[in-house]
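Please find the structures below.
One chain, chain A, links the two complexes that follow: it is found with chain B in the first and with chain C in the second.
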Partner chain A sequence: MKNRWETIKNYFPLLGLLILVVFFSIATGGALLSPISLQSLLNQVIATALVALGSVFVFGSGNFDMSLGACLSLSAVLGGMADIATGSLIVAFLVCIGLSLLLGLLKGLFASFVDVPLFIVTIVLGSLLSAFTLFILGDASAVHLKDALQPLPSFSFSQMSVINLVVLLSYFSLCLVLFLFMPIGRQVKILGGNAVTARQSGIPIKKVKVGAFLIGALGIGLAAFVILVRVRNIGASTASSMGTDVMIALVLGGMPLSGGPRSRISAGLVGATSITVLNAGLTMMGLNIAVIQIFRAVVFLVVVYVASMTYRTRLLPR
Partner chain B sequence: MADTRKAPAEPLVSVLDLDKHFGPTIALDGVTLSFYPGKITGLIGENGSGKSTLTSIIAGMQQPTAGSMAFKGQPYKPATMIEAGRQGIGMIVQEQGYVPGITIAQNIFLGEEGLFRKMGVISKKAMVRAAKEALLSIGIDDIDPALYIDQLNLQDRKLIEIARIMRMDLDVLIVDETTTALSQKGRTLLYGIMDSLRGKGKAVIFISHDLDELMQVCDAMAVLRDGRLIAELDKADFSEDTIKRLMVGRELSGHYYRDDYETQENTTPTVLEVHQATSATGLLMNFSMDVKKGEILGIGGLSHCGMHELGKVLFGEEPLLTGSVTHTASGQSIVSARQAMDLGLGYVSKDRDQEALVLSASIQDNIMSAGLDRVKAGPFILPGKVQAYVNKQINNLSIKCASPKQNVQYLSGGNKQKVVFGKWVGRDCDILVLDCPTRGVDIGVKAAMYQLIEDIKNQGKTIVMISEELPELIGMCDRILILKDGRLNGEFERSRDLDELKLIERMI
Partner chain C sequence: MKKTLSLLLLISLLLGFALGTAQAEPALSEDGRFPVETVKIGFVNYDTSAEQVLAIQSYFEYLQTAFNFEVIWSEALNSAAAEFAFIEQCAAAGCKAIIGYYNEGKSESVKLAADLGMYYFGGAVNADIYEPEKNNPFYVGGYISGAEQDENYLAGYAVGKALVDAGSKKVIVMSGGKDFGVEFFVKRYNGIMDALNEGGAEVVYEVPGWPGTEAFAAHQTAALQTEADGLAGTLTCMMWLQPMQNAGKMGQIKVAGIETVSEGLVGLMQGGIYVGAFSEIPDMFGLSIPMILNAVTGYGEQQRNPDGSAGRVKVLNWVITNPEDMAYFAKLLSGEGDERVFSIEDLKTVMGAYNPDFTLDDMSTLYSAVTADEIRARHAQ
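This part shows the complex of A and B:
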């Protein structure tokens, strides 16, 4: 009986997504599901999903990363600058990924070797990175790809969708293989569930932590690049709500933020779709940004509360 | 043993037919016992005999499964320690009973800060002054209560706990194995307090593993064994031999243990060497031993004797201040769990729910957690191999479950322990360190564990079995080492003549 209930509970996140879609379709008089809206939803889902998928590894291993948004915007800004300076999208891509990996490595090393709660480290790191981004932007509020020395290719809406899908599918497959078919997936879950057990079971904790942050960083780098190519104007406030969006996404996707055995890759994808539908639906209903923020906060709290009741486990960092 | 005592008065506290069950484990079994005013009553018994369970129920820390209690002739059923304290029953606990990071005075008046409130502000000065008086009242004049409690050594911190308890106007004081944590000066002070309570017609319940101490301090003694009251003795009847004999004699029924007693040749090679090891916790001191190939080596002793730390030290889980653990065949010093595993060691922790298992994870994930390197094909883990690996353990160990995906938190204690065994048996370890492998499991699972341990031995593998149960050590081991205060205090070879009394004499 317990097992059947467990199986049913696995479908709660999808059910939640369905309810969101139905609710906002009705509330927006069907506008949510119009072709234009769907295409724009897809573009928005991609970036959140890229970050959320990688974050399954980071949060799954019991680490709490509060610097997701700041890492993303710095990577995108520097990628944009490289793009403008060289006129090459490939260079921009490499800068986005490289910088993001570097930051991931830094966080992984902190998590492994420095005995300070990581969520505090990442709060500080987030502020530092945002300040640094503002600093390198100088007087400009943003970098504009149209300022590039050589004209850069500009993509149409549907071309952009194809790029997005290819990037997301590649990264999703990579995460799936890592999580299900390589040791790190199981190691992440055991480590997040009980660090003492993990150590006594011979799991190389430091390696797993660094690995988790690098996988997460790859997602952030990819997200930085697709945002750069799509938005073409990148500032310090680009993706500033990404951090909270991803956390809400993971919870809506059915995974406790404290990580552990209930972590799953689907949480990244389903959750990212849910939060995007929620954001878009609320905007389409014509609510102002402040009301939307309040609404998101309430949804977050309700889901955390319900999840902590049903899972009987902690959702917040230790 | 008949109770020849003439009760001097009505008992102050009595327990009637008290039962306490933890799942399948029976910690207290129909205990009926009274504590009288003006008397210090000692409780003695082996680990797990039920002493601490009994006193913790009297002190309101937990509720009995069945039975009743009376205090001053009235029914008594405290829901919490605070309620018991208000009624006049207080306990000095075995473990840490203070709050770190605040001052001594704040610890003494924990929860009573309101006493020093003046117009909404708590006067630290007044609190320190009152704390000073509280300390003086139990004879401590050299501790400044304005200091942070962390600045005191462990022994003095225990004194602060005593001062806090003594502030309450107690009719019954329970002292649970506190003296092991006290310096000689602290002990003398505590004996003084107990003495003065006795003089005032109060009752004291005193738990200690130190028989000499109990015989000296107590007016009466109760011996517990396997959760049952075995005997009550008056001071006149105290004798070391009698008491020791009463403590032992756990019943062994059924065919659990090995029945071979042939003496083994002592020429088998050494597989592990512990040399002058002192653990970082200080519980293991300058300890040396050799582990021979193919033997079941038993390690016994009282709580805090260092045996559980020894288990961790062998597996590289506890840092050493001095000394080393060497894997003889490779010559490597073991310093981490991963390295120990690569050298063929496995470790079953005593603390199943906190250390050995991830409770929220499935049986499969738990069994696999230590065996990922066994199911790898290149960098990948193949689901088919994982399934086969896990199913093999579930079948071999007869783990009762609906599916390998079931969470371990819903399993019984015995089945949980089988999952832990599965983690290590699956790896095919050459040396298994088992810390209390049959703790909290029912008889049936126990028998299965013993059979498994014997099978592993018969495969030529080595087992170090740390246990708080003497019959288990005597019944299963080729050799038994007894630890006391972190040091080796006795070694016994397997023999039909070996009995608990011989071991206990080395433990106390």
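This part shows the complex of A and C:
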């Protein structure tokens, strides 16, 4: 009986998402599930989902990354600049991914070799990267792809939805395989659960940490590129709330931010979708801004309470 | 026979008048508003607590008593990605149009709204937004300055001239973001300097940067130790009142700046502390409603330029140099009474459903007549 209850509790985040969808479908008179709305939800969920999926490896291994938004913003801005200089989306893609991986490697090395709490390192890194982004932007508030050397293909709302779906499914599949079927998935959870046990079990801790950050960085790079192609105007404020969004998404998805054995790859996707549905639903209801904020706070509290039932004592990072 | 013919003529005239009147009055919703079906509009916003936004909300509530539209207000958006998400959500919610009060996505925002079948209002003053999309049928346009010179230069010039006219000879100039290269601050600063030079006034201290910093406070203290008799601001000067009071200079230094019309300013002008203010008119953004309703109800072509490009309505702002005008404008914006800067009846004159012969020039004429006398004259008709 107890095991069955434990199994049921694992589905609480999904249940929370389902309740949100049903509630807002009724509240918006079915508009939430209209074709336009579904495409819109996909376009909105993509960036948070990509970063959150990769962050399952980072947070799952017991590391706390506060520089997600700044890394994404810098990658997108430099990708945009590369695009403007060369007129090539492929070059922009390589810059977004390459820079993001480089920053991921840097964070992984810090986590592995420098004995300083990583969340402090990433707070400082985030500030540094934001300042650097402002510096390279100079007098401009943003980079605009319309200034590119060659005209770039412009994607319609529907085309963008297809691109987003392909990118999201590809990265989700990769993360799923790595997390469930490759050693790194198990090692991440053991490391996040207890670093001493992980060491005594012979897990290559440094390699796992670097690997986790690189997988996370791939998600950030993909998110930077997708935002760049879709928005085409990238500034320092782009994705500025990404760090918070991802943490909320992971919690809503039923994963403790301290990582460990309760980490799950579905948390990134379910949590990101929950946030997106909540925000979209509230906007579509046309409520007063103050009411929206109160409503959102109450829903967050309820969903987090329900989702955290499986790890109540381990919500905060150690 | 003559009497019978006269009677018949009178009856036919009355009948014709009645029919004519009936045609000019469009079909209304059950609660007596135009149009019959509610038009949902998304409002892209970056600061939900800004005075101007609150004033626009109040004005829209007034307009909603006659026009059948609903507004979905965005939260405080700070990036193009957030703006796009809101535009998409509005489309899913059944919005017919977007008001771009904030636009970070430039022409891509217009394109996205159009792609989703929504009209877009705003950004006509910005070439990055207007030029690429001006021929997009879903882009209704917006407003631009009706002044012959740059609006920000004129704002600065008006501020400087108000001080000169009030007799100030030694002036503190608060230059805002001029030293950071912020274009509109540079223009306002140039306007102030030209007016002061023409009036023979000298600058005794220049205070750079924004309020709220230690550097600004230090400059402020130093500036108040000079023998200045005037203060010109490229932004609001309200943050100078307390320091002037503390320095015992209240009343000795006359003030003019870029301000938002308020009851507080009325008192300051009556007390002789403020001698001039340049102010944007929040109700100007109400232009979005007739333009969107025209587009939705089939009169969109009439408000476009002769070459078919999106309409750019010429508007002017307020230059206020006496307390009577300030009090009048503050009352208009407060919503007390029936009088507004642009009343519902004013708006009907530029809406095809009420005036099928309206033109884009009519819109410019209406939105350029903003002095106290012009508003009074319009409402007296």
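Going forward, the second predicted complex is superposed on the first by the 289 of 318 C-alpha atoms of A that agree within 3 Å, B and C clash if a C-alpha of one lies under 4 Å from a C-alpha of the other, contacts with A are read in each partner's own complex, and residues count from 1 in each chain.
To be clear about the criterion, a residue touches a chain if its C-beta (ideal position, glycine included) is under 8 Å from a C-beta of that chain, and two chains touch if they have at least 3 such contacts.
Predicted model, so just to flag it, every value in this text is computed and none were measured.
In the three-chain model built by superposing on chain A, chain B and chain C fit together without any clash. By the document's definition of touching, of the two partners only chain B reaches A:201; chain C does not. When chain A is checked against chain B and against chain C, the one touching more of its residues turns out to be C.
With both structures placed on the common chain, the touch criterion links A:193 to chain B but leaves chain C unconnected. Contact with chain B, but none with chain C, is seen for A:181 once the two complexes are overlaid on the shared chain. Contacts of A:115 after superposition: neither chain B nor chain C is touched.
In the superposition on chain A, A:262 contacts chain B only, with no contact to chain C.
Here the smallest spacing between CA atoms of chain B and those of chain C, following superposition, is 32 Å.
The intersection of chain A residues touching chain B with those touching chain C, taken from the two complexes, is empty.
Those residues of chain B lying in contact with chain A across their complex are 315, 317, 337-338, 340-342, 347, 349, 354-362, 365, 368-370, 372-373, 376, 379-383, 402-403, 405-407, 410, 423.
Only residues 2-3, 6, 180-183, 186-187, 189-190, 193-194, 196-204, 260-262, 311, 313 of chain A touch chain B when the two sit together in their complex.
Contact residues of chain A toward chain C in the complex are 28, 31-32, 34, 36-37, 39-40, 43-44, 47, 139, 142, 144, 146, 154, 156-157, 227, 230-235, 237-240, 279-280, 283-286, 288-289, 292-293.
By the touch criterion given at the top, residues 40, 48, 70-75, 78-81, 84-86, 88-94, 104-108, 111-112, 115-116, 128, 132, 181 of chain C touch chain A in their complex.
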